[in-house]
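Going in written order, the chains are labelled A, B and C, and every chain counts its residues from 1.
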Amino acid sequence: MESVIISTETRVQLIDITERIRDVVSEKGWKDGAVLLFVPHTTAGITINEGADPDVRRDLEATLSRLVPYRGSYRHAEGNSDAHIKTTLTGNSSLVILQDGRLKLGTWQSIFFCEYDGPRTRSLWIQHLEG
Amino acid sequence: MESVIISTETRVQLIDITERIRDVVSEKGWKDGAVLLFVPHTTAGITINEGADPDVRRDLEATLSRLVPYRGSYRHAEGNSDAHIKTTLTGNSSLVILQDGRLKLGTWQSIFFCEYDGPRTRSLWIQHLEG
Amino acid sequence: MESVIISTETRVQLIDITERIRDVVSEKGWKDGAVLLFVPHTTAGITINEGADPDVRRDLEATLSRLVPYRGSYRHAEGNSDAHIKTTLTGNSSLVILQDGRLKLGTWQSIFFCEYDGPRTRSLWIQHLEG
């Protein structure tokens, strides 16, 4: 299992980590099967969506915050219930197929680490699965 | 990796693709482990839900569109921000266990391709994972 | 493939099943790769989130029920459309990395079976994937 460190800068922030995952796959020499990307946190998730226009991730951040407001009526005393809920709605893992040593993504797809309670120093775990 | 083509007919449409995945598994002769179903688009997802009553998918389509309206206040200029957001809420991949060469699904489960910005011609990628 | 039985006690209930999954991994002697946790139902899901404070899951249950109310305007005649929709929003499978025969989870992560139309007797399927 490999691990990468991700430093986030604001409370809610989607960060394109596609190149970092490509680097790990290349360094490890994984050729086929798939990679499992696993976020070991409970207030951050991962998603695959459009990377070309930054407005897509801004719309995603804004819509999630409209559906699950930061200052809502929650019981959890730490004040970050919204972040836990967004994590479940987004999911905490993604899978990407490998082909000939390359991440197999669609034309417009990028991989985003989704910080919902930053800024923090985060980890992402990467496990190769045999095809 | 295998690929199937899916033609969608309306803007928002959940299509039962269970039989098409069964056909691929059968043709390839995959026996166990699991199959990873990966949607390489950023305005379409995949989910596993009830296939018996078409009203379940209509309720799902209607509820997603209530939570994330087509004509909302978005920044992305292409006019399909709702479709990108629904894709993240739904997810762009699913996994199904294989047993003795068969998709192992629950009694009521079907696999749905979720078109959120159609009609379009879409791809679905299918990767066998070793058990 | 292994299977565990989960008995739920109320209509909506998130149940921490981490120890039960640990027991299966230990009994089977699976060492590395990952485990796929698959819910074969259409009104129950699975998520990984904070297990320390029960208020986190209560906030998650309450927020999902606010976004997708039990008694909404639905077409599906069985009266459990909200449960089908919550299942898609949550997802019906999770993956956890194995390392040296152990579930590799973050400090605060627990695995939750998400009952959305209980009480019922449910199954969870567990498939080892090779790393």
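In the analysis below, contacts are C-beta pairs under 8 Å (C-beta built on N, C-alpha and C of every residue); 3 or more make two chains touch, one makes a residue touch a chain.
In this text, all values refer to a predicted model and were calculated from it rather than measured experimentally.
Residues touching across the chain A-chain B interface largely differ between the two copies, under half of the numbers being common to both. Seen as a C-alpha superposition, chain B sits on chain C after a turn of 120°, to the nearest 5.
Distance from the chain A centre to the chain B centre is 20 Å, each centre being the mean of its Cα atoms. The set of chain B residues touching two or more other chains comprises 67, 89, 91, 95, 129-130. Per the touch definition, chain A reaches chain B in the complex via residues 33-34, 47-50, 53, 55-56, 58-60, 63-64, 67, 89-91, 94-97, 99, 104-109, 129-131. Against chain B, the residues of chain C that register as touching in their complex are 1, 36, 38-42, 67-68, 72, 74-78, 81, 84-85, 87-89, 91-93, 95, 123, 125, 127-130.
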